[in-house]
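Structure in structure tokens, see below.
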Amino acid sequence: MTMKDAIASFVHDGDTVSLEGFTHLIPTAAGHEIIRQGRRNLTVVRMTADIVVDQLLAGGCVTKLVSSFVGNSSAGSLGELRRRIESAEPEPLEFEEYSHYGMICRYLAGAQRLPFHPLRSYAGSDLPSVNPGIRKVTSPYPGPDGATEEIYVVPPVNPDVTIVHAQRADRSGNTQVWGLTGVQAEAVYAAKKAVVVVEEIVEDEVVRSDPNRTVIPSHAVHAVVACPRGAHPSFAQGYYDRDNAFYRSWSHISKDPARLRDWMAEWVYGTRDHAEYVAKQGEEFWAELAVGEAMSLPVNYGRRL
Amino acid sequence: MTAPPNDAPNDAPYDGPYDGETKMTAAGTATSSELLSVVASRELAGRRTVFAGIGLPTLAASLAHLTVAPRLEIVYESGVCGAHPSQLPETIADAVLITGAEAVLSMATLFGSVLQGGHIDVGFLGAAQIDRHGNLNSSVIGDWDRPKVRLPGSGGAMEVMANSGEVFVVMRRHDPRSFMAELDFCTSPGPDRALADGITPRGAGVTRVITDLGILARSGAGEELRLVAVHPGVTVDRVRAATGWDLQVADEVATVEPPTAAELRLLREDVDPGRVYLR
Amino acid sequence: MTMKDAIASFVHDGDTVSLEGFTHLIPTAAGHEIIRQGRRNLTVVRMTADIVVDQLLAGGCVTKLVSSFVGNSSAGSLGELRRRIESAEPEPLEFEEYSHYGMICRYLAGAQRLPFHPLRSYAGSDLPSVNPGIRKVTSPYPGPDGATEEIYVVPPVNPDVTIVHAQRADRSGNTQVWGLTGVQAEAVYAAKKAVVVVEEIVEDEVVRSDPNRTVIPSHAVHAVVACPRGAHPSFAQGYYDRDNAFYRSWSHISKDPARLRDWMAEWVYGTRDHAEYVAKQGEEFWAELAVGEAMSLPVNYGRRL
Amino acid sequence: MTAPPNDAPNDAPYDGPYDGETKMTAAGTATSSELLSVVASRELAGRRTVFAGIGLPTLAASLAHLTVAPRLEIVYESGVCGAHPSQLPETIADAVLITGAEAVLSMATLFGSVLQGGHIDVGFLGAAQIDRHGNLNSSVIGDWDRPKVRLPGSGGAMEVMANSGEVFVVMRRHDPRSFMAELDFCTSPGPDRALADGITPRGAGVTRVITDLGILARSGAGEELRLVAVHPGVTVDRVRAATGWDLQVADEVATVEPPTAAELRLLREDVDPGRVYLR
């Protein structure tokens, strides 16, 4: 499926959309296509709301954000996000805030269709006072000291669609990831529909030579999109490196609304699709991010004699 | 992401790109980064597992591994355990941390089984604001609803605080805007606030705060941070003035031993030869 | 560490011992060494109580069993277990019974140091009536119909020691498993101490060439024991096949107490260690269980240029 | 392990090794195993995911894949998805299921995200006893505390029942010892018992019971199993007599179409040429 068709089919105005990938394999190209197609009133769910979220905000796609970290990695600020939250410019942003493990537990509860997931965070934090979704449950077992024990819980999240980026998948959607695997599998299982964007679609035999490498099985996947370099400016282990210079520059780009508008005009609205975005960067640019070889040693799965 | 230390641009109102300052400190020829890294590394003596973000915590842990804590394992928030990078990583998710690592864990395993499971001896955290009990704010300056400055938020900081055996905080600038009597917002609470919320805490909370003026310490619930050491040339009064509450001071305030030539050589030649963080 | 030293150091009379491995990589050799060393009053925790549990019972090591399936795979009965439960011969067996996901959730809660773990099982089952550990919690969120929702929960399990078998580990305990990975990682993280038994200890470089293959990191492991073929009669993917004939024969061996005694005398008490057990089976025997090659295709982890 | 179908040795008092009977049935030249497999396969028409143990369920699912449900995926309790075995597997954990599979999942993911997550359309279960609402006993004959016969227990059966869209049960012997008015113990409850326990059920529970006499069916909570079809030559009265409760009977009881030559050929030549299960 093309990215255009996948976004048209699976992302609708008003949807709750999860985009996951923890610093690695961030589905940027999918985010850009959502902006190009002009989606509105999305609730975006993402642990680390970083550059792609700032861009979706700048595209006017998002009315609500559910997240546990709002920053440009450790490289600086998100200008549009800060304007939306600090001064409601150009419009307010509804923000539902959790911690990282809170978000992970929401995905775990969502994936398992549980009414809640307990966790040992939030005790004494001010976060529950600004997020009524964070509640307490009394354990039915005595605590270590014999007394009644309370614990915080978070509610499940079940996005209308989860979009993740991966290194490779077969045609039916069996998706293999190596390096940082993040929370992608849980986010996919929590969702009603899932779109997997990959660096390459490979032959069945490649996937089947190493079934333990499959992080997301086909039964959980509704569309597979081939989109090389679709995780830029983040990285794809073994495919291309992180574009640290772009991360650093984003603070400056996004700080100035005019400059941000120009950037969006040039790189998102000004490109028909991600292939054009990639071509526009130029070959030298990609050569800078190229990586060498460090191959895994094969293991034997065995064959009955 | 856990909240970066208070020198990071997101910790506005100190906004703008990092200025790369290399001003000399009272410790002699060491830069501020070197000084903080060396002092933090010494505090890791004998520790087994440390949860650290990139930057000063990585430098401190790497140096400790070469000096006072040879069995130290750094667990990164990205899920990497036992990294053997070919080059110094630039982020906690740098690809060079993964190639050649001993294990890469999913977020659920890292936060659930490793961190909440109690496998981390020392967690490193930064913050925009800290109070006398080591409670931390990395969320907002001002009100949460309409903040003057929106900071990154918890990330995994709350989990690091709740579940590590103890927490070390590195603060580059010891001043009353950061060392506050009342936090604007408590992101990551120490054990005293957990107890007040009716929940028995797991770890000791913040036990060490390493700053450009000295070292504050406490050992667990019920205790305030106390000034236990100052850098050479720093007076107790100067630290008191830089602290937004009536700072407790140890009976005997030590003077931090300046970085030794051996420590500085390891840091500069082996840990960060490219001076990626030793700005 | 030798198996003898590992069992002597980490398994004590009265301990709660988890042995995991779901049909694959069952730590049989460790079980035999526990029997040889004459441990008593153990609580054994194992999802599928199968042949190794029947042997531990026959060895008189076990007073309590925590399990979700008590049977010889699909190949027949466990004679000693049935005698202990059906007629208290030669002595009663305390049995704490769960379902598979109940056991998995107990390990998950144990690994995460949670006071309980919710799951959508047990509603209407008779199991809670015979197991007071299975309780209910009221969700603090309204259910789909707006009404209050109740859900069953199970308590954590934190074994004194968990013993698992794996294909390989490095000297410091980074353990790699492929094929069925079962619940081993959770069982290890739930335990106070963990012993990993492996087919082979490999060079650091082998493990580090593929960090995603590491299912159990060294920080969770207290002893690594090299014990080739230590999972027999179960299998080790890529190393040797399952001994189905032995599974079928176990029903007959264990049905007759005298025959069972003879078998234990010959194969457990009559061998000094697992190396002797392996040698005693003979080369032809192992040739029958040998497997051919089916190598995984390598992936590129990348190297900075 | 889920509980094996009621022909397995653990379902004593029918103890002892399986006798490998191949008696002819009313369906003509098909064996009992072939008949049950073919009938079960037809019921999988259009289904997408089936959770199946080894034995008759595997045969039924494999045959369905070749006939009425070309997109069918078998998910095994061991964690294998999309198996492409080089030979017919002998257990749900057979190594040949893993080599060449599309995915292998941990138990936590399989039971949590796949099964409890609602990804299974049809689960196959066996049992020693079944009642009129499709509640199943695979735990004990007699009292749980001191049973006459200790059976394997739930394994994953309770989870398959609670979380699959619907459940098919294959019972080789339709007789009053297995089809009981009152179970000795309810291991795996259907939706009616869940509701009585105050919990809203997810799936329909048992919707098909395929036996050596015919097919019982129900569509969900509030309904009893009804006889909807008999094998050629089997009378309704014979089924009633073999059932331990007053069996409801459909207005129109169909006669099961005997296995076709094409179905038998596929089963014998493509699905189980070594006759591992087609005993």
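Letters are used for the chains, namely A, B, C and D, taken in the order the chains are written, and counting of residues starts over at 1 for each.
As a convention for this text, contacts are C-beta pairs under 8 Å (C-beta built on N, C-alpha and C of every residue); 3 or more make two chains touch, one makes a residue touch a chain.
For clarity, every value in this text was computed on a predicted model and none was experimentally measured.
K.L.:
Which neighbours do chain C and chain D have in common?
P.N.:
The common neighbours are A.
K.L.:
Using the average of all C-alpha atoms in each chain as its centre, how far is it in Å between chain A and chain D?
P.N.:
It comes to 40 Å between the two C-alpha centres.
K.L.:
So the centre of each chain is just the mean of its C-alpha atoms; given that, what is the distance between chain A and chain C in Å?
P.N.:
Using C-alpha averages as centres, the distance is 36 Å.
K.L.:
So what's the Cα centroid distance for chain B and chain D, whole Å?
P.N.:
Chain centroid spacing, chain B to chain D, equals 58 Å.
K.L.:
Do you know which chain C residues sit against two or more other chains?
P.N.:
In chain C, 108, 112-114, 119-120, 143, 149, 151, 178-179, 181, 185-186, 209, 212, 237, 241, 291, 294, 301-304 touch at least two other chains.
K.L.:
At least two partner chains per residue is the criterion; list those residues in chain B.
P.N.:
Correct list: 80, 95, 98-100, 104, 112, 116, 202.
K.L.:
Name the touching chain pairs, please: which are they?
P.N.:
A-B, A-C, A-D, B-C, C-D
K.L.:
For chain D, which residues are in contact with chain C within the complex?
P.N.:
1, 4, 8-10, 12, 15, 17, 53-55, 77-80, 90-95, 98-100, 104, 106-108, 111-112, 115-116, 135, 139, 144-159, 162-163, 185-190, 192-202
K.L.:
Under the stated contact criterion, what part of chain C meets chain A in this complex?
P.N.:
112-120, 135-141, 143, 149, 151, 153, 155, 167, 176, 178-179, 181, 206, 209-210, 212-213, 237-239, 241, 290-305
K.L.:
So in the complex, which bits of chain D are touching chain A?
P.N.:
48-49, 73, 75, 80-82, 84, 86-87, 95-96, 98-105, 109, 112-114, 116-119, 202
K.L.:
Could you list, by residue number, the parts of chain A that touch chain D in their complex?
P.N.:
Within the complex, chain A touches chain D at residues 108, 111-114, 170, 172, 174, 185-186, 189, 204, 207-209, 211-212, 214, 217-220, 301-304.
K.L.:
Under the stated contact criterion, what part of chain C meets chain D in this complex?
P.N.:
Going by the criterion above, the answer is residues 22-24, 47-48, 67-77, 81-82, 85-86, 88, 97-101, 104, 108, 119-127, 130, 143-145, 149-152, 178-183, 185-186, 235, 237, 241-242, 244, 248, 251-252, 291, 294.
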